[in-house]
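What follows is a single structure, and I will ask about it in a moment.
Chain nomenclature is as follows: A, B, C, D, E and F, assigned in order of appearance, with residue numbering initiated at 1 for each chain independently.
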Amino acid sequence: MYYKEINNEKNIFKNTFEEKIPLMIKGPTGCGKSRFVEKMAKELNLEIIQVACNEETSAVDLQGRYIIQSGNTVWQDGPATTAVKNGCILYLDEISEAKEDVIVVIHPLADHRRELYLDKKNEKIKAHNNFMLVASYNPEYQNKIKDLKTSTKQRFITLQFNYPPENIESEIIHCETGINKNIAEKLSRYAKKLRNLQNLDLLETVSTRLLINTAKLIKSGIDIKTSYITGIIQVLTDDQETQISLKDIMNLII
Amino acid sequence: MYYKEINNEKNIFKNTFEEKIPLMIKGPTGCGKSRFVEKMAKELNLEIIQVACNEETSAVDLQGRYIIQSGNTVWQDGPATTAVKNGCILYLDEISEAKEDVIVVIHPLADHRRELYLDKKNEKIKAHNNFMLVASYNPEYQNKIKDLKTSTKQRFITLQFNYPPENIESEIIHCETGINKNIAEKLSRYAKKLRNLQNLDLLETVSTRLLINTAKLIKSGIDIKTSYITGIIQVLTDDQETQISLKDIMNLII
Amino acid sequence: MYYKEINNEKNIFKNTFEEKIPLMIKGPTGCGKSRFVEKMAKELNLEIIQVACNEETSAVDLQGRYIIQSGNTVWQDGPATTAVKNGCILYLDEISEAKEDVIVVIHPLADHRRELYLDKKNEKIKAHNNFMLVASYNPEYQNKIKDLKTSTKQRFITLQFNYPPENIESEIIHCETGINKNIAEKLSRYAKKLRNLQNLDLLETVSTRLLINTAKLIKSGIDIKTSYITGIIQVLTDDQETQISLKDIMNLII
Amino acid sequence: MYYKEINNEKNIFKNTFEEKIPLMIKGPTGCGKSRFVEKMAKELNLEIIQVACNEETSAVDLQGRYIIQSGNTVWQDGPATTAVKNGCILYLDEISEAKEDVIVVIHPLADHRRELYLDKKNEKIKAHNNFMLVASYNPEYQNKIKDLKTSTKQRFITLQFNYPPENIESEIIHCETGINKNIAEKLSRYAKKLRNLQNLDLLETVSTRLLINTAKLIKSGIDIKTSYITGIIQVLTDDQETQISLKDIMNLII
Amino acid sequence: MYYKEINNEKNIFKNTFEEKIPLMIKGPTGCGKSRFVEKMAKELNLEIIQVACNEETSAVDLQGRYIIQSGNTVWQDGPATTAVKNGCILYLDEISEAKEDVIVVIHPLADHRRELYLDKKNEKIKAHNNFMLVASYNPEYQNKIKDLKTSTKQRFITLQFNYPPENIESEIIHCETGINKNIAEKLSRYAKKLRNLQNLDLLETVSTRLLINTAKLIKSGIDIKTSYITGIIQVLTDDQETQISLKDIMNLII
Amino acid sequence: MYYKEINNEKNIFKNTFEEKIPLMIKGPTGCGKSRFVEKMAKELNLEIIQVACNEETSAVDLQGRYIIQSGNTVWQDGPATTAVKNGCILYLDEISEAKEDVIVVIHPLADHRRELYLDKKNEKIKAHNNFMLVASYNPEYQNKIKDLKTSTKQRFITLQFNYPPENIESEIIHCETGINKNIAEKLSRYAKKLRNLQNLDLLETVSTRLLINTAKLIKSGIDIKTSYITGIIQVLTDDQETQISLKDIMNLII
């Protein structure tokens, strides 16, 4: 698995793991947060249990629940319970989207107690020595109504991610997809240009993920322009005029 | 099954299928998005499992659920699970309408993992080699409160559809309904006129589907004017004055 | 059963039935939409299954559900399932009031597929040859927040109903209630006057149904004035001043 | 049971019962709507089944439901079902408060069909010959968001109630409580004065029910002033200044 | 149990009990409403069943419900049912907070019917001769959205409570806690001063309950200033400046 | 366990425990409220049962519930029930976040009754002699919509906490983490500076907890600047400009 370190983030991850402090990773869409966690899990030889948080994610979804199996009630561990028991990394992706009641799970896991309380079973579980809590959120959504509570945020060491610098990003594209370096470089140059555009009102900026998808499309035989258009431009905006601007920039680069 | 390619969309579909990238199709109501997916499914010899998303559609509706059958609890696969297991196209129509928690299903299926997590069963299923995720939405609804998350959108290659050009649309009407070409041409000319009207505040614009319905009505023996009125005009607006304008334009054409 | 055709609506109903296109009937309260559907069902020799849609009506209410009977789980067909299986008219009255998830039922029934998907049973049912989907809504409610989706509306041929002309309405009152023609004529004249009043802010206008109720009251022996007042005026408004105006107009006519 | 007819309302009730038209009674709080229905039920020798509607009242509350009794599922008729089967008066008090889905029950009962559809049992029940639907609402709440749908209102003959004239009201107080006529007259005079006050912003006006409670308190030995204050004034307002005004008027009368 | 009558409220309670009229007690937080009801229950030798109403309190919470016990369904009486059967005082504290559907319980209990309808059991229970309905609310919350319906309020005789006069309040503090009279007098003088302050924007005013807590703290050995601060000042406000003002006034008195 | 008393809070805790008055602790995030309660529990030799309240916390979560175990219904005590029975400290952290219906649990426990009512079991439990109710909230959230009811607040003696003075805070950091005193002093000096900054719009201020996390990171070998940045600065703000200001201040101190 390919991962390019940018800012000493590996050591911080390892030390917070050793110190048993939970880790928050914040950064924009598709900049490699999840890949970084996967990479570190591999290096630390830990299993990773990932939860894609959303506005329906509640404490129960993390803890587990009783289900009925052939007439008997059986407790089924949720992802947090499994992670706590087996000493895995519990990775709560986009944690700020989850319901507020997940703090019932997070708070006792994220301070000196390091325990999980299962109210349904009236049971406390001390976290395995290797258990680590990692979470992520996108600060660009931060000005929305829903935000993490201060008392939650201040339990975490916080790493800030961003899109990689142009030369590193093109290397990532090249290594991930096998596309030739020239095309990869142009893709990351195009991305850089778009990220610097302030006057276009793009709701979203181009992610590394998007560039990789586009590179794959090119490599599969679709012509470059169509690949840019369907892989980047039509993904980023529905507005006709903005699409024309993005195509103009594309024509300057390819 | 009749399908008229317009813009090289077939190749893009095939290559994203080969590259295992999910595909998003955006475009207005009744412009042929679903027909295109049905056509491609046929050409690729894949079964298609279609879900009409709406504001009640949740992760559970896609994953499946336990039901009680003659006293026993039986797991019943949902459409996503069936598609993932059997290697079908999972087509999520109007995906932006669904509940946010469907990302629990979509995200792990739409990146390098290509797996479906069934939290109710605590089970991960690797997608069949032929599994493909296709989704659609209508960008005209885009300025509403509900929108797809950036982190969802940027997982897809995006095809943009629109109503077909006049000559192709009349050919579609003719082939679909068997109506004579002259009537078909007038219908598509009428549609083009209406789509260009900016000053009428139609909440919706005329779709190809509407023209086909009208053509069928004419062919069944209803007179042309009544067919236009009940098949197009009274569908498009409840406002008396707008109806009069639409009838005036009709009278100029038929 | 008495039904007076006004505008060739019978033929349109029959041809959309033959062409297997779903039919929408729009019009104000109590103008005879339901009666028309009942009439056509009789003429086509079809059973009619009517659902009074409201803001609690969901897909499940149309599809059916599992119920527990003496310990066993039994599937119970909902109205849509019964109609699809037996080839009945499914009449969804005031469809715009229903929950959005009814499109899961309506969309596959209202295009070339003509099939009902029961997600609870993971079963698809092809509609009986005689199955027909009919729906109604009141365009006067149209400017409210809740509106039918464009992608739903454009699947239907649309008939527009209104209150019958004065002479036809009086004939309807006479035939329905047996009241003498003079009283019936005055009732429909009164209705016409009220419907043309713009300066009174009646939330609702007088329906044919109201006139029939009033005629029945008169025939039962209640004096004419009291019948007008309790059958029409106190139904239409709670405002004292408006009631006085409506009584003044009444005194001019009776 | 004491009931004083005011405006020929008994005949209207009887004739709508005979004609099988549903009856709506509108009027302010505590003016005797419920007593009137009780009186008529007695005269017509019908049982009355009363439902105090509120914002939680749904169709199921009227139809009935399956309950589990010693392991078996048993259907339990709701008030509407009982009334329809046994030929009772179903009296829906403050019907405008109920959930919208009660129209599923009301509409088919309130037109020529006169049938109750139990969707849970997939069963239609024709109403007993003696079944009558009576409903009430308070028009003073009418300008609130929640209002009856036009298509519901126009199914009913509507009686408008108000507080009785002064002399009748004092007679009612006297007969109900046994208080001497002089005190009863003063109470109804006081009520009349309060009802005519426009400049005091009382959220509610004094009802006949309030006067009867006050008369009972006086008769039980509490002094007149205290009875007025606790029986009327402190019920009507929490505002100190308004209470002083109401006491001033009281002092002028007693 | 110590209770100091202020305004003839005991007789009114007794007579409404005798006359079987429900009683409403309104007044600010901690002024002794609940103590009064407890006192009267003792004097009338009745058991009191108290329900602390809140926005989740519904009819079912008062009526009771079916629960499953060792496989059998058992009906469990709620507080209203128990009170009605055994002839207790049902005391609904802060009734205006409860859900609207509690009127299903209250209305038939609060007029001449005096019966409780258990819809879940389809059973009517006539209230025991000694049953009495008492409710309370805080008029200072009255200008909020949620308010009792007029048709509910007008079923009750209404007692208005307030904080006791200074001399009585100090006597209450002394008798309740055993603190010496001088300290008790200062506490009630302090309370009076605070209650008269209009320019401080305290969200809440000091209650008798607060004074009793503070007196207990002093008696336990905490110094007077700290007791005032933790028992009164820090309870009343979080604002630093307001706290300083309240301390200034404290310093003038102690 | 290390705890540094600041303001005589230990005695107040002990005396309210002795006097059986509930205790409220208010103060900002991470200032040591929970640690104080843990400390006192140890000194009083009491077990502590802590509930992290959130907007999903309801009365049932505190009382307990029936669960089904191998076919039998078993009652499972909730945290409040366990605390009441065994004489523990029930610590409701951030109580103002909980649902309003928790007052059903709190009110009878927080006045002279000291009893817990389990409505599901229709059972009253007198609190153990050692039972104590402690709650906390953050007054900085106070200006939000959700606030504790006055009738709840006024049942508690209220302790106000704040961040410790600079010298005490550095001592805490040193003792907790073993970091050398110089680094600890700089951390608390930095915190003091940040807390006094009014012109930066930090949504949250730096807590003692944050300083301890940072000290641990330094001690684990991460360089001081990176530790400040990931342990404090990136936790406090997502804004680039504010981060620069916070780094400038950091550079002045370390």
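As a convention for this text, contacts are C-beta pairs under 8 Å (C-beta built on N, C-alpha and C of every residue); 3 or more make two chains touch, one makes a residue touch a chain.
Owing to the predicted nature of the structure, the values given are computational and were not obtained by experimental measurement.
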Note: chains that touch chain C and chain F both are none
Give me the set of chains touching chain D intersected with the set touching chain F.
E
Under the over-half criterion for shared residue numbers, do copies chain A and chain F use the same patch or different patches to meet?
different
Degrees of rotation, nearest 5, to put the Cα trace of chain A on chain D?
180
Let me have the rounded angstrom distance from the C-alpha centre of chain E over to the C-alpha centre of chain F, please.
30
Between chain B and chain F, what's the gap in Å when you average each chain's C-alpha atoms?
52
For chain F, which residues are shared contacts with two or more other chains?
68, 71
Which of line, ring, star, complete and other names the graph you get from chains that touch?
ring
Contact set on chain F toward chain E in their complex:
8, 11-12, 15-16, 18-19, 21, 24, 26, 58-59, 66, 68, 71-73, 99-101, 103-104, 107-108, 111, 119-120, 122, 139, 142, 147, 150-151, 153-160
For chain F, which residues are in contact with chain A within the complex?
29-30, 34, 50, 52, 54-57, 61, 67-71, 76-79, 82, 93-94, 97, 138, 203-204, 207, 209-210, 213, 216-217, 220-222, 226, 230-231, 234-235, 238
